[in-house]
Amino acid sequence: MPKSFFIDTSRCIACRGCQIACKEWHELPANQTRQQGSHQNPPDLNPNNYKVLRFSEYLDGDTVRWLFFPDQCRHCQDPPCISVGGSLVDGAMIHDSQTGAVVYTEKTSKISEKDFENILSACPYNIPRRNPKTGRISKCDMCFDRVSHGLVPVCVKTCPTGAMNFGERKEILDMANARLAEVKKTFPKAMLADADSVSVVYLLTDDPQKYYKFSVAQNDSGMDRKMFFAQLFRPVRKSASSVLRG
Amino acid sequence: MQPVAATENSIHQAIHTTAEEALSARPVMASLIRPFVNLFLQKASCITRLDFDTWTEDLKGAHDRLLSGIPILMTLSLEPWRKPLETACEWMLPAIREAFPAIGGDIEAVTAAYRNDNLPLSRLAEEYLDGSFTHYESSAQSIGVSADTLAFVMNTVLSTVLEAFAPRIWAGMEDVRWSKGNCPICGCLPSVSYLAKPSGDAGEFLKDSGGKKFLHCALCGHNWRINRHICPVCDNTDAELRFFLSVPDYPGERVDICRKCGFYLPCADLRERSAMPHLDTAAVCMVHLDILARQQGFKPLSYLTWNRIENGIEFPQDISS
Amino acid sequence: MDCNRREFIKVTGTGVLGLSLLQLGVDITPVQAYTATLKTTGTKEIVTVCPFCSVSCHIVASVRNGKLISTEGDPEYPINEGALCAKGAALFTMTLDNRLQKPMYRAAGATRWVEKSWEWTLEQIADRVKKVRDKDLILKNDKGQTVNRLESMFFIGTSHADNEECAIAHQMSRGLGIVHIDHQART
Amino acid sequence: MTNHWVDLKNADAFLIMGSNAAEHHPISFKWVMQAKEKGAVVIHVDPKFSRTSARSSFHVPLRSGTDIAFLGGMIKYIVEKEKYFKDYVVEYTNASFIVNKDFSFNDGLFSGFDSQARKYDTKTWSFEMDETGVPKKDKTLQDPHCVFQLMKNHYSRYTPEKVSAITGVSPENLLKVYDAYSATGVGTKAGTVMYALGWTQHTVGVQNIRAACMVQLLLGNIGIPGGGVNALRGEPNVQGSTDHALLYNSIPGYLGTPVADWQTIADYNKANTPVSKDPKSANWWQNKPKYLASLLKGWYGEKATADNDFCYGLLPKVENGVDYSYMYLFDRMLQGKMRGGFIFGLNPMNSLANSNKARAAMDKLDWVVVSELHHSETTDNWRRPGVDSKKIKTEYFLLPSAHRIEKEGTVTNSGRWTLWHHKAIEPMGQAKPFGFMLVGLMNILRNKYLKQGGALPEALTHQDWPKTYVPEDWTKRINGFFLTDAKFGGKEYKKGQLVPTFGALAADGSTSSLCWVYTGSFTEEEGNKTKRRDAKQTPMQEKIGLFPNWAWCWPVNRRIIYNRASVDPTGKPWNPDKALIAWQDGKWVGDVPDGPWPPMADKDGKYPFIMQSMGFGALFGPGRVDGPFPEHYEPVETPVTSHPFSAQLSSPMYKSVSSELDKLAKPGDPAYPIVLTTYSLTEHWCGGGETRNVPNLLEAEPGLYVEMSQELAKEKGIQNGDGVIVENVRGRVEAIAMVTVRIRPFTVQGKTVHLIGMPFCYGWTTHKCGDATNRLTPSVADPNTTIYELKACLVNVQKAEKLTEIV
């Protein structure tokens, strides 16, 4: 059955437990970061960080607003990246029909840099990153290994406030809608970001653009020409489990 | 935290998922798991149909007794339960026969006795709860089966009724903090424990990381919280004398052991699981851990149908020694 | 009616009578054979206290064959109720990396550390302490009052220590005559 | 904490000031948020908008170092608007006491000031006594010399306009806070104060907290569930290590360190034991001689006898008025007066004020013993940047210490719960617990003294030391033993058995205890109570989250201190819905009351504030060296040259040292117009020694930054992310600019004052992450506690041409 995340930014305290737990579970090495005038470190997603906590602040009249956004792959219901790149290398980019996970395997290293750029530009959320040394393309894999053993993704396990949630899509959407109704009482602008088209549903309390440019899908990187054609020749979906588990 | 009141469908779903997950890991257990799955499926169907409204016992006195440590059903007559017990017989006797063809003849004999009104259900149920078994031998003889068979049948029938009634008996008792090793409703020992998933109340700043320990009653299915760092049998708090056994690839299944009293209890670790399993099914699926614990010389906290792996076990009269 | 737990365990119904799997016609031998192939591990769960802020959250440390395999918030402790902050959650890693593991000595003017044994190290320290104390202990002050104090030696630290260790540090310091004593409460 | 962590859920209002609780004590916020959900108002008053602010009902920015002005305004508001809890104030505080007619306050100074000595003669800070020696009172609170009127008069100067002008808080914000918080001045509401280092690290640190105590006493918020003045405390066992007095100025159990004038135990007891002639005052400290004798018996065992003053004579005696704390220690070290010492689990080269001085001072030692988990700026000071190691003549002994999880023993949390932690794993490598090192060292030393003799060998050889370190033996020693067969509470005890409670301690040498407040934690009857893990409660206790069977809490398992103040004089709870104790059928139920006596109105009753010699909450507090009422003084380094309350700009008594490395900027120094405040951050712990060794934490907060307002950045031509130099008369620190709306300029006396903030967790042993922020902070300190003023000093900021400390 398809799974989904519910990321409740109204409960996030930017402790970065998720960001660090993700690294530890995937055994990704620490980057040599440097302070550049922000708590947001590393500053962006990269081959060693499938998850980055984004900080944003502004003055609303006399009130300080400080917004936290744990950014990660949305595991789109209909993933444009797969549309563009799914048929390039067999078994490199998989949309698992059981869980809804979009998973990139080691075979992505066979995808050319140019093709990667197309894949990236197709992503409405600016997620995939390529390791220039190995050529491997990477991003959040929904902790596919954990989820297929019945466990929740490690970021969800780690979250101390209940900002990160995971479960059956239907239950998660119910949870998100119930919470939205509650949060709207304090934040009338609150909304669920692209809930219908993604498996990672964010609750935002403020104008999405105040969080981050790609907090909701960006049209300019949405359905472009390449994608349109790709849609016409869409590969048959494969079950990721058959590839990964096998 | 009690699991939400379940529908027949959702219980069936949970039984299937729990069994399937275990079978995909250990297909070898199919011959053990299947009969129990069928029994539990039927039980779930029966439970959701039992009518409780005829039982109008005032439980106020039971509430006060509970506060002083006496399980609710300890002192109550089960005579008014005759009807539900009968319904359970209707559902469960055929189910037992189907699940365990080896005792089909015996079950037919019991069924016949039931039809002929020759099975004093309420009294047998009361004795079962009391652990007195005074009339089991004679009743069994008159039917022509062994007392063990009759006890097995009564266990199935009574547990079906109790499981249906337990949530409603507990309503109104929620304020009672019960931290003992036996069930606050029926007084029975647990078949399995579980470590709960995290819960985060909306009003709190931080959710807990889960891991609260609950015992699951072997008879009525009630779940109650106990202190994870205390042995539910002997109150041992010494961490050096308590440990759990597990198989490395399956961190969600373990058996908790106390060296001080020598008892063990299987435990489903749900902290990182995405769904709540059907606990009795989960217990059946952990029999391999029962075997391992027995091999190391530990005793089960309760002898359940699925963990009577030895033949002719001699049940110790006082297991707390 | 005496309803202690022992009593209940004696009288409980489940299990006194009943059928075995064999009697039910369930063949358990394949499961037993399978079980024989399994390797089990025993794990102890030991409750410790988070070493960071003074909420003193309890943490359950899972230990297998003497090795720490995980840490989690203790659901029983009434204050944290199983919750942990980011630092408490990172305790596991923090016990591992870049730890000092042997006593070391750096001589005057030296440019590097040299590993030493505990015996050597404590003996050398005792030697230094005694020399300073024997030379510098002030028995009388200017007014001729007995003061027995050693002004030229100090002991600072630590709120990281257990109460037992604090009691020891204090007893030792006063025994030596040390008066310059301080710790994190003042920073 | 007077209260405890779970008790926060009982509050109706929170004043979080001098603390960033959500980031530094995150679990505390679990309970704050529970209260907020139920309707409590959460107020955060702090220079910077933090996660605590984000979760509070509202945040009020305040210029660092002006807390007393802010709170003084609140006292004025409470008194003038009659928001105080009258019954409580009249019955339980010293509001009605008549003060010495010669007491006065003039232009920032209290009577008795000697400007040469910078010291008060406190003789006039006293109460008038009647013929029986009991304080004279005017319960109508009208007498012009009563505490209440003096207080009212004192704070009448703290008008919203003046307070606003100096704190930078708008008058509307002031009134918003005063109004919301003072609503708890009724018996059925509770307000709690949560503070931490943001209050203590000022030259008026103690008076900051005194001001909060006054607010709480006026509102009847002390001794009740959801109330109290709660020090969140910054370190893992800072409560326990303070109880056991790793401090120069006390010996375990809050007894004063012996001074040279007290040559005998009789001298000590005479000078230290308070006397009250009021039969209704419990005057608990009258028992001090029992605690001292038991401590000495604990240290010296059988060698301590009544004839030899229990070895009291062997103890070091300090010189009256001489300060031996860090600030003076490092000053003397720099002067070459120190030869060697021990630094255990502490990184002073990063965490003390004026790090440049501390680092230079350490080079003057002959030898030093450092015990740590990791290399730190202290363990490796001899090879710090800019020095030639070959020229550093100090010998370093580095002892690898065991982690908390690798040893067993007790720690005490802020709510005074004493908690046993079990050893989970063996220490890594050859690391050992501190106890192993110190017991081992003492045994070697004692042998040397026995065999070789030396200076005053008895001071060591008479002490009672075990051969090896067994933690639980010390838990018992701390609790204490009967040293002769004895009878207590109708029970017989044998020699060598554990003492059941400190009521059983005696002054005649028949008992021992290494810290009397812990007596009762380990008993014959119940064993080691610090190991108790029973969440059992009565329904009354459950209502307010009291867990009397979980571990043990000093004193005598009392979970909320001064709880007799939670009931009216007849023993009825002020707030029956959240009753803490109650007098029912001739006995107390609920928490362990502050003493067994019946309620105050009874003929045998006692006043609630039993640790005060007169038994009353101190609105007028003559015990502090710098004044009986808190008064606003500017930080020693202040951006202003005057303030509206008096001509006395800074504390007349703050402590300081005067080496060539101890320079100070003058008030309003145009070269250093910016206020610097320092703080911790979530990803790193205190000096950062442990957390900088975790690569993934370092990745998330990799280097030293300086948070500043957009306005200041613009003024200085600094862009976010620029390297900057933060500089003052003492030092120069490189950091990366973090330009933020979370810090905003203050308008102070009509002028803009900028404030910047920096964490202090970075040091040179971690590659290019920046170095000690404390190179900027001054060696000036509170006159009562000698805690450094780390929260406010003056600096300037400029864009850096080149960076060398940080990448």
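Each chain gets a letter, A, B, C and D, in the order it is written, and its residues are counted from 1.
The rule we apply is simple: a residue touches a chain if its C-beta (ideal position, glycine included) is under 8 Å from a C-beta of that chain, and two chains touch if they have at least 3 such contacts.
Just so we're clear, the structure is a prediction, and the values are computed from it rather than from any experiment.
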Pair of chains joined by more contacts [C-beta pairs], B-C or A-C: B-C
Rounded Å distance between chain B and chain C, as computed from the means of their C-alpha atoms: 39
CA centroid of chain B to CA centroid of chain D, Å: 53
Whole-Å separation of chain centres (CA-atom averages), chain A against chain B: 42
Contacts with 2+ other chains: residues of chain C: 46-47, 76, 80-81, 83-86, 90, 93
Junction residues of chain A - those touching two or more other chains: 13, 15-16, 20, 24, 160
Residues within chain B bordering two or more other chains: 198, 202, 204-207, 209, 227, 229, 239, 271
Overall pattern in which the protein chains touch one another (line/ring/star/complete/other): complete
Chain D residues touching chain A - in the complex, by the definition given at the top: 22, 26, 49, 51, 53-55, 59, 682-683, 695-705, 719-722, 735-742, 770, 806-807
Residues of chain A touching chain B in the complex: 3, 11, 13, 146-147, 150-152, 157, 159-162, 166-168, 179, 182
Of chain A, residues touching chain D in the complex: 13-16, 19-20, 23-24, 29-39, 41-42, 57-59, 64, 66, 160
Chain C-facing residues of chain B, complex: 26, 28-29, 31-32, 35, 68-71, 74, 100-103, 127-133, 136, 147-152, 155, 180-182, 187-189, 191, 196, 198, 206-213, 218-219, 227-229, 233, 235, 239-240, 242-248, 254, 257, 271, 287-288, 291-292, 295, 302-306, 308-313, 315, 317-320
Parts of chain C lying in touch with chain A, wherever the complex brings them together: 83-86, 89-90, 93
